[in-house]
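Two complexes are shown next, each including chain A; its partner changes from chain B in the first to chain C in the second.
Our next item is the complex of A and B:
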């Protein structure tokens, strides 16, 4: 019953994806070629395989996660195809791969799978940190790091490039859920009070301090402001969720404020981002260019947008990746951007709903931390594009062009769905 | 009139996106939130253990009245070294549910405040005994 609702919504999302492609073809005069049908088939194959895996191994799972991911991917893909048909072709292959990987994860976690993940926490921590640090491998190695746009986030092997940081987030979320499931009681005991807030013994701040350290390394050596903030928000947010103690939030906020000021003083790349955020028009032609172009694009979009294929989102640097939201806001307007934000809000609400309804602590915390990863990532990049926050250069889940991001987020949604299947059982 | 046609096409696309989201938003309500809210009774009659090392997830019926404590003779034996042998009593009086601390060492807390006099409980209140936290349902 639930699964049938999911299937029909998925067909709807697939039709929307091919309708978007058809509209681009029509307005840009690309002709009605095989792209329209191909897009529909890829959507059905990719999301259909995950849906079938859910039907088989998690029939009681929440049926709305996958359709929400599918429609976000459809809207994003329409813009990617509009910007660059070659990128879109690669994105279609990535989507197929991501769907297959998510189905494989569901297969591996059938039966008691999720519960068993709790045991391997230090393996996950090691894998996560190694993945994060992988791009630092020197260029002479066969598998080596690569720097694009001043951030060292990519790993190259022969012709293939990959962003391991995207998968690292999943491993760190797994580690955190398992660690907190065993330690949250001890971490919530107060031993002293400072400024009206109770504080637990100092050693329970250990994970927070480690998180700060990892985030700092990522910030300094890979120049990746986004991943750094995301990881830190994940650790602090989870410490708060697991213990209900505001002191973790206070300590985390203080740490971010202090290290933010220090990072601004010490690192040129942070300084450039912040300056471009506060005064983008001062250096319009250089550092502020991307933000200003995005602002013009969104402003010209008006209520219902310029129409798909009728705007100029190609003028925004990185429009297909980090700034895809600006492209959507220009061509689908305020209405389209609100729809996108609503879809993310529903996804996050569903995620926290799953966490609330799950009794087993480990799975509860895992659902919460996966939702935080998805939500904070979306929030950071949307705020960056809308100039509410410095641009952090992370991808918008499901919408941005990029195979690693698509893969990681599909697996994330599959994990959430798997947790919702066993929700209320202990 | 290609311009008009494109405009209509654009609006149709947006309308379809909203229709899709509406379908999901309409049915997602049941899937969000803690659930199990359907069994609504007027008076609180149950305590659920929401934080404990060993008893999380258990529920206790209040009924006419119960005594919570570490002693084997308490109605609800609590596995918590910070609780006293006979720690607190919960009973019904007229239409109220009253919580009384029985002179415990570490005190009884309602919504984070230590109680000194019998306190009336409503649904959603939290009761802390030792390190164990209950929610009134």
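Our next item is the complex of A and C:
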């Protein structure tokens, strides 16, 4: 029954994607062409293959994860197609690839399921850190790093570019879940107190500090503030879940505050972003330009939006990637914005629900850490676009243009679904 | 281990709620400000392409219209068929330089409310006419053209008004500019050149530039004398070759640098007709600061004129600045020193004389009409100020008529029409003088007969230069407009 509900919801999401394309064709005068049908077929093929894999290997999985992802992808794709038909064509290929990869992951996990992954924790840590280091490869190598918009996050190989950091998050989440599953009991015992807060012996906490530290140094070096904050939130959040000690949250919050102040003083690029956040109109034509254009777009959207294809989201820098939410808010209005936020909230709620219902510690931790990755990434970039927080420059899961992001998040959702299938078993 | 997960889930749920609050604020509360921010290109580009209402003159000439794009019927291009002629009345609606003139002040009428918003669609369903409305001006196209031609390339302004209603019949400011050149995206260079032009073509000299009024201010000094009973037209003054001002080294001389008349004395009537500076300087001191400044304020000095086009307030110092300063008072009484008046202000003072002492509020839009040519509203004439009594007005009108028949304003005369007027030649430090003329006609109209009042100013001697006077330079310009007005078939 679950799988039939999922299938019909996916057909609905696929119709939504093709309807979006048809509306853009109408309003921008691109005419009716194969794009509408092609989009429908790609959605059915991509999400359908994941859905079929679930039907075969995880029939009891939560039926709402995949349709929520498909709806978000459809809304995002409509705006990408509206902004740039060429980007949309690439995004469709990425979606096919991501669907196939997620199905492949489900196939590989078909027997013992996610449980077997617990054994490879240091492999995952190594792969995760290596992926983070990959963009630092010098330009002379066949596979080499590339700098886009001042951040060295990309890897190029024969004209293809890839953002390995997106996948690294999954590997680090796997490592954390596995490590904490073995050590959470010892970590909950406090042997010393610092400033009134209890802390466990360092040897139980050491590897996690080292792993986190390496990830940070790499990301700070690459000037990727968003990913740094995301990983930090993941480590702190998981330490809290594993131990139930609020001291981790307090220490984590304090650390972010202090390092935030230090980073503001030390790094010009951090300073620029914070200044643009606090007073975007002061340097409207330069550092504040992006956020001001986003505010103009969202304000112009008002309640019902300008209509798809009838606004000017093309005025917003990075409208198809980091700022896709501002484009949606302009053309689909407040109604569209709230729908998108609600969809993410439902997705995150489903993820935490899976973690709560899963008895096995490793899988419980894995579900929680994957949900934190998805939720915090969404919150960070939306808070940036909505001017609740400085802009951190990370993608919006499923909606932003970008193959690496799509691939990582499809696998993330597939893993969550797989965990939900075996939820109550030990 | 579940309680911490629940806590984090709750924390994240609250964060999502915060996002909803933020998007509510950014899109709905602060949203309208962002939408209307002049730096937001969306507004400007959509506004510029939309249809706006037609503006026509009293006699039906189209002076502003929106022309539909041949390829895209939803896009309109604003056009001003008469170019420079109406630039200071109609203004412009420009992407880069904003809106001015009636395009700005009457924007609500001229805007189309046909759009794809929910309110727009609903109103259309209920049968509301969302098309832009049109404006019919009080301006007479023929008179406007003649006033502009008469002023020629000289810097200055001409305004004509119906004294009985306040309807503006012509309003010209030179130099002018072509508003068509300021509309599109490509107007940046030209617009900037206009803004930096030393001749200030964007300035509406008729309403927003003040000058020393010179001798035409004697109308106001005379009013103050008559209203306060200080003198009457037959009061005799001595006629010196020059008037030494008390407590000062300054000396007032007549235009001729001699006695104003042939004898040792002169009546106030003759002094007004010959524009005797010595007499009026003495008269100003006799009236006193309170009487003179108070009367000027009755005419509208130091007051904001209610008008749809931007106006500058004409000014004169407060009475207490003339304590122990009779010299200043004497110079003020002949329209020099600290008096600053716009052409519109001097026109309204003249119109008061023509209209029995009442100043009607000036207006330039006669009616607003729908796209279906139904009149929505019509401007009703209202009295702005009661400047002087009817008896004073009639007396001054009679004296002003003699200025045209036998005084300095002879060149404004129109055959068979009783024209009244006053000339002025305002001295300007380090420059050639400004030439003024104010006048109206016919004096004492028959019931139902239309009147016209006019002001002309030509800056810095105009085409004549050093020898320019109000009578020689400004009066003939006024004469052309007056003659045209009285030859228009009614």
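Brief remarks follow.
The rule we apply is simple: the second predicted complex is superposed on the first by the 405 of 426 C-alpha atoms of A that agree within 3 Å, B and C clash if a C-alpha of one lies under 4 Å from a C-alpha of the other, contacts with A are read in each partner's own complex, and residues count from 1 in each chain.
Operating definition for what follows: a residue touches a chain if its C-beta (ideal position, glycine included) is under 8 Å from a C-beta of that chain, and two chains touch if they have at least 3 such contacts.
Here the structure is a predicted model, which means the values were calculated and not measured.
By the touch criterion defined above, A:113 lies against neither chain B nor chain C after alignment on the C-alpha atoms of chain A.
Within the superposed three-chain model, A:317 lies out of touch with both chain B and chain C [touch as defined at top]. In the superposed model, A:75 makes contact with chain B only, not with chain C. In the superposition on chain A, A:296 makes contact with chain C only, while chain B stays out of contact range.
Of the two partner chains placed by the overlay, only chain B lies in contact with A:339; chain C stays clear of it.
Using the contact criterion defined above for the overlaid structures, shared-chain residue A:260 touches neither chain B nor chain C, since it reaches no partner.
In the superposition on chain A, A:242 makes contact with chain C only, not with chain B. By the touch criterion defined above, A:307 lies against chain B and chain C together after alignment on the C-alpha atoms of chain A. Chain A uses residues 304, 307, 310, 333, 349, 352, 356, 361 to touch chain B in one structure and chain C in the other.
Residue ranges on chain B touching chain A, taken from their complex, read 6-7, 9-11, 13-14, 16-18, 20-21, 23-25, 27-28, 31-35, 51, 53, 56-57, 131. Remark: chain A residues 184, 237, 240-244, 284, 292, 295-304, 306-307, 310-312, 315, 329, 333-334, 337-338, 341, 344-345, 348-349, 352, 355-356, 361, 364, 368, 372, 375-376, 379, 382-383, 386-388 touch chain C in the complex. Listed in rising order, the residues of chain C touching chain A in the complex are 1-9, 12-13, 15-16, 18-20, 22-24, 26-28, 30-35, 37, 39-43, 45, 116-118.
Of all residues in chain A, those touching chain B in their complex are 5, 9, 12-13, 16, 19-20, 23, 26-27, 62, 64, 67-68, 71, 75, 185, 188-189, 304-305, 307-308, 310, 332-333, 335-336, 339, 342-343, 346, 349-350, 352-354, 356-357, 359, 361, 420, 424, 426.
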